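Look for chain A in each of the two complexes below; its partner is chain B in the first and chain C in the second.
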Partner chain A sequence: MSATTAPEAALSVLPRADGSAKYSYAGYTVTASVNGPIEAQRKDEHAQEAYVDVIVRPAAGVGGTRERHLESLLQSSLSQLILVKNFPRMLIQVVLQVEAVPDNDYENTKLVQASLNFPIIPALLQTAVLGLLSAVVPMRATATSTVAAVVFQDGAKRVVVDPSPKELAAARSVHVLAFTSHDELILAESEGDFSVKEWDDVYDAAAKICCQSGAGNADTAMDLDGPVNAGPDMRQFLNSTLEAKVAADLYWK
Partner chain B sequence: MATPSLTFPRSVFAKLSPHPYLLRTLTTSPDDTTTTTPTRTNGRAPSEPRPLKIHTSSLSHAHGSALVRAGDTTVICGVRAEILPVTSIPQYRPVTDYDALAEDEEEKERRDRAELKDYDLLVPNIELATGCAPQFLPGVPPSTLAQTVSTRVYSLLHGSGVVGVEGLRVWDTSRVGATAEGVDEEEEEKPRLVAYWTLYIDLLFVSYDGNPFDAAWTAVVAALRDTKLPEVRWDPDREAAVCGSRTERAKALGVRGLPVACSAVVFLEKERGEPGEGRHWLLLDPDRLEEGLCGEAITVVVDCEGGETRVRAMEKVGGVVVGRELVRGFVGVAEKRWKEVKAAMNMDGQAHGALGAFVEEAGSSR
Partner chain C sequence: MAKFGPKRQGPRSDIPAKLGRTHRQEHLNLTTTHNGHHRPPPRPPRRPYPPSLIPTHPKHPLRLGPGLRHVPPSSILPTVAGQLIVNPHKTSMWIESNGGRYTPSPSDLVIGRVLRSAADLYYVSLSPYTPPASLPHLAFESATKKTRPQLAPGALVYARVSLANRHMDPELECVSPSTGKADGLGPLTGGMVFDVSPGFARRLLLARSRDEGGVEVLELLGAEGVAFETAVGRNGRVWVGSESVKAVVVVGRALKETDEGRLGGEEQRRLVKRLVREMR
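Moving on to the complex of A and B:
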């Protein structure tokens, strides 16, 4: 199941949460609920800034060590995006429920897996950002993220954006990169076997997806490269999702 | 009457306002001499790691062990191997022909890794002992830090491929060559895969002073290099693996490459400012005080064993200071660290090598 379709998102899907979002792309569907700023527990309270609490719930079973790691990655990234210093002694809670993961008929699938799941990180981060926007939590910047793999095919190296589970299994290295809307690298995760040069190529490919601005720009880039290597324009997607939501909400005017 | 003094000793200042304390030591030289190099609170230069001490084979009941010490971070790692018969693996999928697989290098490598992962042959566990640092309290479930480090070690063990599955397979060779009647001769000649070794890799932090992942990973690699699996024979009558007790017959577990982890944190000049404004320092091998003050951290795992530098894993979280250029530069820093860690491992190996030669001599003269 490769990412042939465009990402989809819906904002404010849950009636009771302050903000929520549902995002699906490349076989992953994640729902986020965001509450905040709310009162923090005494142990989490910070005198100068808000505490960002991220909870990741897997599609099946209960969260294990892998989910704790994902939570700590997201927590440190989101704390950089949210203006935490505006809300001292408060808590901003982000709950991410994974609803669907892509099937992989080629692999033994186990319920509890301890190793880090790279392709789920962009899905979780995108959903969290959309949820925070829906909850109108003040943020310094938004973030976009993507996953890329370096695969060897017919004796040549190739960077595959949004790899399928089968490509992931055969990949030499897998990379997750996230950028803020100021084009800064906020999160980088890589594993496998690669050189600095390969990482640079991956960085270029990821920056192209995450850091493009404007619809016109995106269209020309698509035409030049063809749809083979070019993934979706994540920033454009984020903008259009919010524009559509604002337009729908202000329809009565 | 003496007026009460308003000067504090350094330790009090460090506790009361740690951020200005660290900033002050970085911006001014310690004794106001001519030196202009910034110094950290622990007396190190920003890019100076703590000296590493490695001691292997200190646990007598483990198949391999290592004690790693970097400053006040001390971690002990023990590797214990246990037999896992294939009959007790759920969803075991036997490979019928290993020879055919061996032809396609890429496919074989992929299958080997999948085998390690599917049957859970590597089981790392990390414990931050009560009292190793003040924040770890007794009687609580494993902290987020312990779980995070455990996931990272597990991912890196599988991602870097330091342990090959070949060394963990246990074969039944008892019927090789024996041609039983009525059975196809072709099938009988091949050894049969009957069990795997499962490696339980337990890490215990005796003392914790920052940078847990580097220390933990160094301990894992050192312990795996030290691991010797006992001689094993499959007893077809009992349907069980029988291990020999003679230590000199034990086979060293082959470890591929030498991946070395190198971590740093980013210290920002402005405690409450926007990220990215003001000066910043990259502090290599941070201690507990520095980790508490810095949000952004970078870890790069490199392996220069083949002459060429290969990056095996990278993690950068919690900030926007480290961009593309700094990541590139940091790989160079990691290369330097790799040489130091290799030297520390070899130094330990030499000490043991001398002892090993002595034991061998004593054994042969008997």
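Moving on to the complex of A and C:
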């Protein structure tokens, strides 16, 4: 199930890549390999900035239209984060291999209609950011991301962060939001019927998870009865992962 | 507000005019930061560093090393995850980290592999899948059109980066432009190249790598009577040359195991003892 365990990450797991990261949370496990800045193919070359190439590989089979769409979403977000102007005519390649997706005991996983795979976006984005940090690619900011669903339960609306597959299937609307470390919204994708008020509630819930760090943590951890079920503190998680990386890099100091 | 020193034209044109930044400086600084400079805890890219952290000097401009970004008017922001190191004596600051791909910067010492020869220059690879650097045929000690070294594809050269900026492919030289001397640069014959992490290569390049970088294996192997020579490139390559192939392999293995196993002083001593015992 989802949101019961804390996110886990390991950096520099692949020996040959410039940077790599393995991230698992809410049933998803993704491995990223980041190479760059390397020479871009002539067709991808941009005279003023680096081209960020994102490749999403699904857990089984070959990628299709949905993976291409995920790639385009991630590519535009990551290009905002990376200081692409520092590396004109270069390529920064991010390969995201999905290794595990949550088991779905309740819902029929067979896809009837092409739709977005929202809950995987935070895992992909988080892994990509960790991979880029591992590859020491200069970045403007880091990013944290989360998925939230608006569900009707007992006649009341509720915002569920990191929804389970069952909750997702019953949800009125699903939203993915990502924030930079400057608390700026960098990615917002929504699906389903929702009002502006609902979107505002989702934004507040996601901002709480993505943008709080350290100090406010104790409060929200206690506040389990609130209307929003408190997810993990993603920024705190990112910071502690990075501190561990830096400590390992500079063990000789 | 952070105050910067007087304007000074830095060697690179891609930086704000207020900040003279030299990457060579980073080497020099690394040797002087060991005793007791201010080291705040690591932090991811987020907010500008407070002015109290930024060194100021009435005359010297502030120098920013790798991993830092100047956002006008006076914000200094980190761009990579690492440890901020501030050297108030040289009014410089940079981020110390390890990993990633080598990005050439002027006056770095690198080990390159010759890809091919063109009309008047060699194309040299500094790291895989990056655009080749160019090394003019005449950029060797006392080279003329008739006496230049003939390098076949695959040959190794120890060179200095003479030009590097983001809009052009890097250029190398194997001779000091002011003195005309090679100073140890030039083709590397025999021996083997070992890949190490960029951070480890930087540690090896420190003036006193044993005291400040914590790398003892080379001195220890020398003390055990193993005869060898090394050349360290900032691009994460170490060349080891020796009369005996065994010595080359032992030195290379000692370096790689120290790097990958993150060995401390005692572990390095044990490793060297084991390797020397196995060699004999």
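The rule is simple: the second predicted complex is superposed on the first by the 232 of 253 C-alpha atoms of A that agree within 3 Å, B and C clash if a C-alpha of one lies under 4 Å from a C-alpha of the other, contacts with A are read in each partner's own complex, and residues count from 1 in each chain.
One rule holds for everything that comes next: a residue touches a chain if its C-beta (ideal position, glycine included) is under 8 Å from a C-beta of that chain, and two chains touch if they have at least 3 such contacts.
Owing to the predicted nature of the structure, the values given are computational and were not obtained by experimental measurement.
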Query raised in the report: Just from the overlay, do chain B and chain C fit on chain A, or is there a clash?
Result: fit
Query raised in the report: So, A:Ser181: does it touch chain B (first), chain C (second), both, or neither?
Result: second
Requested in this report: Would you check which partner chain A:Trp252 touches, where first means chain B only, second means chain C only, and both and neither mean what they say?
Outcome: second
Query raised in the report: A:Ile38 contacts which: chain B (first), chain C (second), both, neither?
Result: second
Report task. Return first, second, both or neither, reflecting whether A:Arg66 touches chain B, chain C, both chains, or no partner chain. Result -> first
Query raised in the report: So, A:Pro165: does it touch chain B (first), chain C (second), both, or neither?
Result: neither
Query raised in the report: Which of the two partners, first being chain B and second being chain C, lies in contact with A:Ser195: first, second, both, or neither?
Result: first
Query raised in the report: For A:Arg140, is the partner it touches chain B (first), chain C (second), both, or none of the two (neither)?
Result: both
Query raised in the report: Given the superposition on chain A, what is the angle at the CA centre of chain A with arms to the CA centres of chain B and chain C, as a multiple of 10 degrees?
Result: 130
Report summary line: In whole Å, chain B and chain C in the superposition are separated at their closest C-alpha atoms by 9
Report summary line: Residues on chain A touched by both chain B and chain C 140, 182
Report task. Note which residues of chain C are touching chain A in the complex, please. Result -> 41-47, 67, 69, 79-83, 96-101, 103, 128-131, 166-167, 199, 203, 213-215, 262, 264
Query raised in the report: Inside the complex, what are the residues of chain A that reach chain B?
Result: 48, 64-66, 68-69, 71-73, 76-77, 79-80, 85, 107-108, 110, 114-116, 140, 152, 169-170, 180, 182, 184-196, 199-200, 203
Report summary line: Within their complex, chain B touches chain A through residues 91, 93, 106, 110, 114, 117-118, 144, 147-148, 150-152, 154-156, 158-161, 272, 274-276, 295, 308-320, 322-324, 327-328, 331
Requested in this report: Name, in rising order, each residue of chain A that touches chain C in their complex.
Outcome: 12, 18-19, 35-39, 83, 86-89, 133-142, 181-182, 238-239, 242-243, 245-253
